[in-house]
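There are two complexes below, and they share chain A, which is joined by chain B in the first and by chain C in the second.
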Partner chain A sequence: MLTLLSVSISTIVLINVKKWNWNALFVALAMMTFLSITTVNNSGSASWSFLSHSLAVDSLSAPLIILSCWLAPLCFLAQNVVKGNSGSLQNGFLALTCSIIFFLLLTFSSLNILSFFICFEATLIPTLVLITRWGANVERLQAGTYFLFYTLFGSLPLLVSIVLISQTTSTLMIPISEIVSLQGNTFFSINIWWIITIVAFLVKMPIYGFHLWLPKAHVEAPVAGSMILAAILLKLGGYGIIRMNAYFPDVTTLSAILTVICCWGALITSILCTRQTDLKALIAYSSVGHMSLVAAGTIVFSDWTISGAIMLMIAHGLVSSALFALANILYERTHTRNIFITRGFKMITVLLPFWWLISCAANLGLPPLPNLIGELYIITGIISWSIFLAPILGVATVFGAIYSLLIYQNTNTQSIVLSSMSFNEISPREHILILFHLLPLLSIIVAPNSCMVWSN
Partner chain B sequence: MNRLVNAFLLTSLIAGTSLVIFSNHWFPIWLGLELSTLSIIPLLSYTSQSRSVEATLKYFLVQAFSAALLLNGAVLNLWISNSWDVNSITSPISYFIITAALIIKLGLAPCHFWFPDVLSGLPFLSTIIIACWQKIAPMFLLLSLSNLVSSEIIIVCSILSVLVGGWGGLNQISVRKILAYSSIGHLGWITCVAFFIPEVSYLLFLFYILNNTAILLICHNGSLYYLSSLSKSNVVPITAILFSIALLSLGGLPPLGGFINKVIPLIVFSLNGNNFIIPFFLIGSLISLFFYIRIVFNTSLTLFPQHSLNIVSFRTGNSSLSQPIISTLIPITIWGLLLLPIFFLFI
Partner chain C sequence: MLKLGRCVHLLARCTNQTSSFARTLASGGTDITKPFRQIRDGLSWTIPKDLQNSDRPPGEVDVLIIGGGAMGSSIAYFLKAARKAGVSVAVVERDSGYSMSSTVLSVGSIRQQFSTPENIYMSMYSAQFIKNVQEHLQVEGSDPPDLQFNDQGYLFLATKDKEHILHENHIIQKNCGAKVELMTQNQLKKRFPWMNTDNVTLGSYGLENEGWLDPWSLLKSFKEKAIDLGAKYYNAEVTGFNVVDDDAKPIDPTQFAPNGRRLNSVMVSMINSPEVVEVKSSYVVLTAGAWSGQLGKLLGIGTGPKEENLHMPIPVEPRKRYVYFFHCPEGPGLECPLLIDPSGSYVRREGFGGNYLCGKSPNECDEPSCEDLNVNYDFFDTEIWPNLAHRIPVMEKLKVKSAWAGYYDYNCLDQNAIIGSHPAYGNFLMATGFSGHGIQQSPAVGKLVSEKILAGEFQTIDVSKFGFERCITETPVLERCVI
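Presenting the complex of A and B:
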């Protein structure tokens, strides 16, 4: 674990390399990824490995750490336009992305809830700077403000809750959180306590009521920011809910209400996706739908739903990031994200429709890709919790299939707009970018236990 | 101004504040407060712009009034408890009068109305004296008094200060007024801790003073008087980034140092079971974060079409005297989170 962190800090040194800073950073982060794969253990239960004083890895954090390390070099591969900036601005971009990755590693491996909170918030400032400084439209200021204030509105009550937990249980260690769980409080206070703890993560995920920041942030962010945001920063919410749920074993009323809200949110968001006009906003809303499903799974908190939630988080991270990279490949050439204009590219690109097909198929939940495994586990768990959510989740899945196929058909098989016929070739960099997003999906099919183990 | 006169006035300013901090008798405390007020009046009004003279006059009136009120409270305490000693405040009426005087001096709500007005009339170096140094003496008095008599007036005033600091700064375009309202808000956080554990307030106050001084020095270097001049500023480019970091630290975002100004009061409030007042502080800090973000956006996160002469002039900021001071203070705001374990010595 310390090796991993020291490599991620050494990337700061590599930022100042004269001509090859992007490539040197890519290599360093790829090395970090190889180091991080050793964190997975197949022991089959929620045990802590790589233990040190304040950092440890368990079966929930290991796949997320690997995911954040995996996406770091891919972000640098995707972001080509920044190379037109001056040297110091390029270095700033690299520094910000590396600092996000560093704080993410600390978040997922921290054993102390307060340090988890500090690193959770620490990812906000670099992302805010990425969105507002390297975004392209004038709306990026409002997008940055929405992003910051939605997240902080949720996380300040979380800070209060952490302080209260430390007063009541006199410890902030995560491994013993089930032992010191908060029982015996009044009905009113434990529900309020749970709500102020969970809201931060629900806003971060986001679920349907708190989701307004996500389409804005995704549309205005540069592609590296979008990729990191979609892939990992949303998963911080799921990770947080799973960790904090151990403290609240007996909130039943509010968790029931919230599960239903999350399921309805998944349905509504899937329907909304069919009417979006901006390609990136479409993918952002699909993120909201998937993460609402993950949120519902984590709130129900049974073995199957948690396993499905972890699997869906990893799979959604990879697929959503691949979709944003694909959208950016088209955006760099046509400078528009409007789905009525970016269409019909099967005619003029060679291998790209294949990547679009795999990504959209993974997004809609095609077997045997791990998105299906996650969704299936979550839906099964939620239906066994209450049968009345079955039609809602079923229709949500169907609409998920509808809009994913809409994305594929609109961008590839529609009739092409004549003005986009002049088109640069898809470079090998971009092919490798999408390939490495989709290769881990195949490997997860073979070894689903690496992303799924969670048993209290 | 003549260097000798400048040195004399600054020396008497420091002497006045030290007199307040180090004495046990009420009379030298009043003397020190009046001495610090009188000694900076020539410093503030030397520029003879009418706006500075007006600000100086308002400042003098407010401070003289509150110092007289303080002396009145001290004499009342002498009559009740037969002692000039600072530690002999036992009766609520004398405590109330003295605390009211200190609240007016500090600029806490509901007595905050003079503070943005005075600050927006003065150049930035004088702003540092008013906003940072002049708060030391009344804050020391307030903290030593709350060791003796704990009265809820401090909590009421601090909640009002936090809310006023948040809402007041929203509609401002003058950077000095924005920093004035942020000052009011921060003093609200600091003085509310004084009700519970006054020793911790010293730590928070010290951190706030360092952070605020760094920001005001950078503003002085770049002459950032209004929001419109933030994007045209000719500061050293790294200073723009450090300015943004210092402002975000003032806003209380982790992992920067200003976070201790939020987390330590929250721990102190919940230690004493006083969870009811926490939502007011959170609301105030969220609203004040908005105008910090506005300044950060205008400074370094948006690039307006710039005249090329502006880009060339970044070398001129290097040779000023304030540059090493800024370079020392900014790392404190970045690494300030490491000061958090000091807090645990006090509980």
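Presenting the complex of A and C:
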């Protein structure tokens, strides 16, 4: 698999003909996607299958690896605007995006916590460059600053915690993390230790208190950056919490507080979504809401919630990326993301409302799409953990439905401004882009075990 | 943890600013709103300083308004006042001193005595807005705006042969709800004893919502409130447009349907600098007043093919009008309305010291040249003074103190407004061609254009009669009360 990774990245360097570098990269990444599906091991338990002598996948990382590989060619399909730049700038863009995906694959398949951390951090710099160099507005500088410093300062305590773990247990292998027992020492009680481990992932997910970087970064990033950010980089947080929780089996007080914070965060962001004026900011806040739910699920750490968290991560990755691609299709034509101006396109873009409808329906959690399965599992698990969170999660889900339908209504069925409606037809490239986001979503319905089984 | 550090930092900045605020108060400093505004946008410290106060337009805005006069500022205000929409607005004005703008050089009067119902409704809406301007346009932390609206009304006089026009207009105005009344010769003699009513048989007098105001205050209030709400003004000039026409196809010229052309971006060149910024915008609103026709030519309106409705230029051109300021010691006092003589001269009181403003639209054949704004005093002596002296006998003795000239954005077709989008470019809106009655319609036009952008149609008043389509089919909507 690593050979294929290097092949894909070297295609940029070797095939220097400006006309073909995007297509060649697309083909190489698509081949890698097909091979990545072999990593899924449907034996129904959390066994590790080894990719090489230092990389392995289990049933938690396999779906995420497939997701990263799947989205890589799709984000190159979406990003049409960079093609006007000079050859070396284009190659730079391709190289940066490929390096993000490369490090993501290493993160999800690494066996060592330290190498996981290094690759986790390594995805920051290319994303920062992508946002600040290829973003559209002046605000991208502030967006880059927020993104970098939030995630960086969040992960500093994680490094301390990893060093501590390696000192107390003298091993950093993930597969044996369950049988290692950590006691608090004179510096950190076990609760504090858990917090400093997790805060990096809470910032990355993000949960409500640490979420300020996300609307800025998502809105200002170019569409490829937005798609990768929304789809996969956020899931790094969920993945990290699930891995690290194996070291801390009993942190009840603090985890109770954090679960409640995450549930309230989901409610508050869902309400905030109904008042957004920028389409991409709306989708970004909806990501915060869904990920807060995933965070709550991973902190509660029961069988059902973890399964639901994995399912929701995969489903949300696909749907959020589809929504960003759809928003970009309209943005490229009208040059505005304001939902009061990009409205009523049902008459003009004939097939697009269909994709909008499926994506918004998936976002709100329509059965039988996997978003619902994930949400339902998480909510059931949390409610059985504490009944008092039921109204909060219920209202959060209702508002989730409200803003998802608001997105659909405003962009498609609102009263049209006929005079400003002249623009290019939707090309087949864009239709295929959205279709390939939604096809895996539909196929997960018939094979849910691929994204759900994880028991330790 | 991060938020705590930021809070401490912000607190430190607040205390710094409060102490400097106290210092500025003590020293009699004037800008008391700066600390409030800085606290409100407290997180602007992460943006580099030279980007915060940039005078270059951004690469992308939702609505770009060309021309920052009363119309442009009014549209900017109404777009931003619809806070729920969160539209980003940029106004490009090349003359930061407004030295040639029709807005500041106008006599600033408002009347409902039109013959087109849409004009009447627009003036009524604007009159309501102006009477409540303190509620609409007050900026937090500074004094409420004072437009010095004098409610003294218009008085149109008619001789025997033009009487029927006044009667017909009166019926239309009453139907629209304007508060006007017709006065016979005797009533005029009794009400205005200083007036000579020799050959005048009928007068139409506005009882309410008619009068004059200070147009510079109106412009300033609109502009400051728009800036306070977040609109950005740029001192620059529009020098080009970029059009996307991938799907442009020839259309039936009688069908005003969009044909695939779209205004993509506007080239804005900075003043005194060779720099040109390309601003991508979703909507472009042309409110350049007297120079709208010129700007339309930049876009190809007037030089394009007939199949794309681009063969008719925007029929707006500048026409010079003079305004004379004179002192007449025994002239009519507070009750003096804006008097319009049957010959076309008008006179109104200005202030309380016996000063008056007057003017007259010249005949078509002797229009003054528009190269500069120099005043021809002979025009007063030959055309205006005799009429004035005949109508108001005490005005035989007067002294002209000063005069100025300003441009009408004259609509050559029918001297009425052009409001709406261009058939060929769906996202290019126009609000120009007011031919002398722009100030009184500016609040209404601002509201209507903001509705067109945000809701897709005119909701308050239906002014589709004033669309650009009539310029293409050359069907004028004539106004019978033109000054």
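Convention: the second predicted complex is superposed on the first by the 427 of 456 C-alpha atoms of A that agree within 3 Å, B and C clash if a C-alpha of one lies under 4 Å from a C-alpha of the other, contacts with A are read in each partner's own complex, and residues count from 1 in each chain.
Rule of thumb we're sticking to: a contact is a pair of C-beta atoms (placed from the backbone, for glycine too) under 8 Å apart; a residue touches a chain by one contact, two chains touch by 3 or more.
Just so you know, these numbers come straight off a predicted model, no measurement behind them.
Annotation for the three-chain superposition on chain A: chain B and chain C fit side by side. After superposing the two complexes on chain A, the angle subtended at the C-alpha centre of chain A by the centres of chain B and chain C comes to 90 degrees, rounded to the nearest 10. Applying the stated contact rule after C-alpha superposition, one finds that A:H335 touches chain C and leaves chain B untouched. By the touch criterion defined above, A:L164 lies against chain B but remains apart from chain C after alignment on the C-alpha atoms of chain A. With both structures placed on the common chain, the touch criterion links A:F153 to chain B and to chain C. In the superposed model, A:T145 lies in contact with both chain B and chain C. In the superposition on chain A, A:A136 makes contact with chain C only, while chain B stays out of contact range.
Judged by the touch definition given at the top, the superposed model places A:W48 against neither chain B nor chain C. Look at A:G209: by the touch rule set out above, it reaches chain C but stays clear of chain B. In the superposition on chain A, A:E425 makes contact with chain C only, not with chain B. Shared-chain residue A:D278: touches chain C; no touch with chain B.
Closest approach of chain B to chain C, taken over C-alpha atoms in the A-based superposition, is 9 Å. When both complexes are aligned on chain A by C-alpha atoms, chain A residues 141, 145, 149, 153 touch chain B in the first and chain C in the second. Partner chain C is touched in their complex by these residues of chain A: 136-139, 141-142, 145-146, 149-150, 153, 209-210, 277-278, 334-336, 338, 340-341, 343-344, 415-425. Those residues of chain A lying in contact with chain B across their complex are 88, 92, 103, 114, 117-119, 121-122, 124-125, 129, 132-133, 141, 144-145, 148-149, 152-153, 156-157, 159-160, 163-164, 166-167.
Within the complex formed with chain A, the residues of chain B that make contact are 237, 241, 248, 253-256, 259, 262-263, 266-267, 270-271, 275, 278, 282, 285-286, 289-290, 293, 297, 300-302, 337.
For chain C in complex with chain A, the residues that touch the partner chain are 1-3, 46-48, 51, 54, 58-60, 62, 84-88, 244, 246-247, 257-262, 264-265, 280-283, 421, 423, 426-427, 452-457.
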